[in-house]
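Letters A, B and C mark the chains as written, and numbering starts fresh at 1 in each.
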Amino acid sequence: MPVLLSPEQAPDLPSLLNAANTAGLEYTLPNPEAAAQLRVRGLGSLTSAQSAEVSFLSNPRLSDQLLSTQAGAVVLTPADWEQLQANTATPAFVPVLCPQPYVMYALLAQWFDQHRIQNLPAGIHPTAVVHPEAKIGAGVSIGPFSVIEAGAQIGDHTRIGPHCVVGAGTVLGQANLLHAGVTLYHNVVVGSRCIFHSGAVLGADGFGFAPAPDKSGAWVKIAQLGQVIIGDDVEIGANTTVDRGALEATRIGNGVKLDNQIMIGHNVQVGDHTAMAACVGVAGSTRIGQRCTIGGAAMLSGHLVLGDDVHISGGTAVTSNISAPGRYTGVFPHAEHRDWQRNAAVLSQLSTLRQRLRKLENK
Amino acid sequence: MPVLLSPEQAPDLPSLLNAANTAGLEYTLPNPEAAAQLRVRGLGSLTSAQSAEVSFLSNPRLSDQLLSTQAGAVVLTPADWEQLQANTATPAFVPVLCPQPYVMYALLAQWFDQHRIQNLPAGIHPTAVVHPEAKIGAGVSIGPFSVIEAGAQIGDHTRIGPHCVVGAGTVLGQANLLHAGVTLYHNVVVGSRCIFHSGAVLGADGFGFAPAPDKSGAWVKIAQLGQVIIGDDVEIGANTTVDRGALEATRIGNGVKLDNQIMIGHNVQVGDHTAMAACVGVAGSTRIGQRCTIGGAAMLSGHLVLGDDVHISGGTAVTSNISAPGRYTGVFPHAEHRDWQRNAAVLSQLSTLRQRLRKLENK
Amino acid sequence: MPVLLSPEQAPDLPSLLNAANTAGLEYTLPNPEAAAQLRVRGLGSLTSAQSAEVSFLSNPRLSDQLLSTQAGAVVLTPADWEQLQANTATPAFVPVLCPQPYVMYALLAQWFDQHRIQNLPAGIHPTAVVHPEAKIGAGVSIGPFSVIEAGAQIGDHTRIGPHCVVGAGTVLGQANLLHAGVTLYHNVVVGSRCIFHSGAVLGADGFGFAPAPDKSGAWVKIAQLGQVIIGDDVEIGANTTVDRGALEATRIGNGVKLDNQIMIGHNVQVGDHTAMAACVGVAGSTRIGQRCTIGGAAMLSGHLVLGDDVHISGGTAVTSNISAPGRYTGVFPHAEHRDWQRNAAVLSQLSTLRQRLRKLENK
């Protein structure tokens, strides 16, 4: 971890766990004296953590690394701890026993990140252009050169980085974090506790055109009058785009997580807690259920319906509805180029191949 | 539709149609008295429009919605209107009979969007940095923190949002609209009436490198000295990139529509009225004809030639020339993961499968 | 080439070659008198170059163009020159004989581009916001509205365009070029002589979440505490994103070239001199060797290892490790839509097709 707390800032392990464990996870410290003496300056993986850092074991296949880790403390399950003690002499690290080490790691990482962010400047930078008819809540920070247009509303404790635009009539709830260079067009609605990364664009026009009546091949733009409505606790990655609806809204549910460079077309609906990896494209009017996962670079055609708990593998093109929960895939496997050439050439004959097989079978 | 006109701003239906129908579409109002009394505050779909909103029927399969719509008026074809009257009692809405309801909807939506945009501030924002050697036309607006470099030219009535860059020597025609955060490098040429969305980047260097003469594996940059030349009436989506040519120009024809997150490589040529959905990539020097459509996430290799009226399905990789008009596809269909695994495993044996079949046939 | 030097600025050919050939390439001028008289104002292809421009022949298949080119001078191999003289009367252009015409062209293009860039304004623009605790080297230029945060370091002669952000604690080496609108988050480390294009985002959070302990389907964010570390001579294209590591660093080696709209996930490692074409996605923790090339729109799954000198064709999904050098491909070939439909339908039966074939063989 590149930025460590100074030794004076570093909390002792019990205090850190107490402060970071906002989810109320159960945990025990079998060695409370050593824990109280450990001042924690950062986090690290089992192979890289140093003596003032906490590490964790979430994948049992990596339990060998417990024998050699330099970490000052390790979060691990009671079962892994028991097994370690059965196989080896007492390890050098301070154990933190927790049934969910990965969640505890997430909470610890949030604590360290918060510490960093609290060092950032607060308030409205003098260069920001805030329209007199915008409503700015308490404890809001707005970075240099950001633009807040007429009728925009910024909820309490929302932080906005440099070079952001909050368009006319756009409403942001509380405690959102907009990194540098986020652009929200007009009449976008955002819940609370969202995180938007640099280059994200919410509310650009959906892609709608009617063929010109003169049959010249030209296109008549369909102005996009709808909204983008984002729930609470949504994270949107760098350079991801969510287009506004044609007449109604493009809707992103609560707790949705979108990675970088994702494209959400107009009128799309994404259900609560669905997560998409980078480079996914979702074409217009498609509805995705709750708790789905969409692998990287997957592509969903327009006007589809995907049910809840549907999991799409990376690189898959989804071109028809999927109602049943489960995992779905459609990827051409890679091979050495010559082998691929040889086999790909047969693809254009698959149908006749089947006919020839039938003919043989009917002999 | 989120933003309605106030009742005082709302025009009556005949006036609205008269003002919006800039394409000279034919239409009739069978019930002129009711039409004159309807004050229109917005647009909506058949299922969502309210009594002060206009809706439309462009897909005959949705004609059932005419029976229950709450819309104040509906644009529909004379044939659909006749059929409705044959099947049902007089509907509650005011009919607007037009052979091209979808185009009329497009024009009405443009009218409402124009109304919104006319409310935006005009003029050059005091924070904008405009080089004294730039030429700025009449009625130009430039948003906060935009930068207009030396030798740039901005045609009359072009509107530029906040955080835009118009590079040295770049020329914009008349009545263009650049949303927030559009970056035009130096020596880009843009026609008139174009719309560029946030995060679009035109004129970045094409991807050109020569292997270093020392055979170290290093690359020598080929500086990209060409231009980007954009026609009239072009729309370019959010975070789309169009690279400058190596020596000559990358050219985007008149009336081309590019959705979000599209990548156009250097020296590419795109013919008039071609439209591309989001996430398409076009590699360097490929030439695409007129009136083509390229589906979302399709990929075109470099140095290809596609003729006019070629239609590429979403997700298709095009790796060779296509001269004949028509629709072309190449997508691995998705399936349940286990089924896919079972079938994909055979892909690496297709060539031998064919040989085995031949052997049986020759028995 | 759109921007020519004025006749007064134009160097004679021997002086130009002397100034541009920073790589020490061998070359000869068989006609030194004519060379000395040629004043070079720009570069062009064989088919477009004018009499004051230099062109080059790097692809022998285009040697016919030597007969009709209007170029004032042409860089070509001694062998091509010999063959030309055997087949034809003395050509009109001044020959420059060089075993590596493409590299010489690259160097000449760099020279012309440098000339353009030296005309750009230097120094720190008065609107830039530079934190008093940032360290700014000698000869640094910073464009309008750029933001340099606390603890950032900018090495000598680095040029930063408008609307850039250099985050807290981020370190840039010498002679880097950041075009307009590049965003570097906190604690990013960049070597020297890198070029970053508009819209590039380095250091946004990697995509890491733990399932919430309440099993609601919600996600707990794993704050990303690692870094992005970029080597020397790296070029990063427009709207490309490189995420920061979860605990350690995402690393881009020396001489790596990334085209536009590429996504590099957290903890990825890219070896020296590897080049990726546009729209590639690399998922988290994947390690790519040296001197690899990744074709456009290829997708690499997470946690993979690719060895040195691996070449991936455009559009290929790589879902397993590749250790041996060579070319690898996995693309569904495009076809006319009906043919594709007919053949794609058989894909879901490949496994049973093989079984039926076996059955026949065992008869």
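As a working rule, a residue touches a chain if its C-beta (ideal position, glycine included) is under 8 Å from a C-beta of that chain, and two chains touch if they have at least 3 such contacts.
As the structure is a computational prediction, the values presented were derived from the model and not from experiment.
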item	value
Angle, in degrees to the nearest 5, of the Cα rotation that carries chain A onto chain C	120
Copies chain B and chain C touch via same or different residues, half shared test	different
Distance from the mean Cα position of chain C to that of chain B, given in whole angstrom	27
Sequence positions of chain B contacting 2 or more other chains	127, 145, 163, 181, 199, 239, 261, 279, 331-333, 335, 344, 347, 349-350, 353, 357, 360
Chain A residues touching chain B - in the complex, by the definition given at the top	127, 129, 145, 147, 163, 165, 167-169, 181, 183, 185-187, 199, 201, 204-205, 207-213, 216-227, 239, 241, 243, 246-249, 261, 263, 265, 279, 281, 283, 299, 301, 312-313, 316-320, 322, 326-333, 335, 339, 342-343, 345-347, 349-350, 353, 356-357, 360
Residue numbers on chain B that touch chain A, as the complex places them	1-3, 23, 25, 42-45, 48, 100, 102-103, 105-107, 109-110, 112-114, 116, 119-120, 125, 127, 143-145, 161-163, 179-181, 195, 197-199, 233, 235, 237-239, 255, 257, 259-261, 272-273, 275, 277-279, 290-291, 296-297, 314-315, 331-337, 340-341, 344, 347-351, 353-354, 357, 360-361
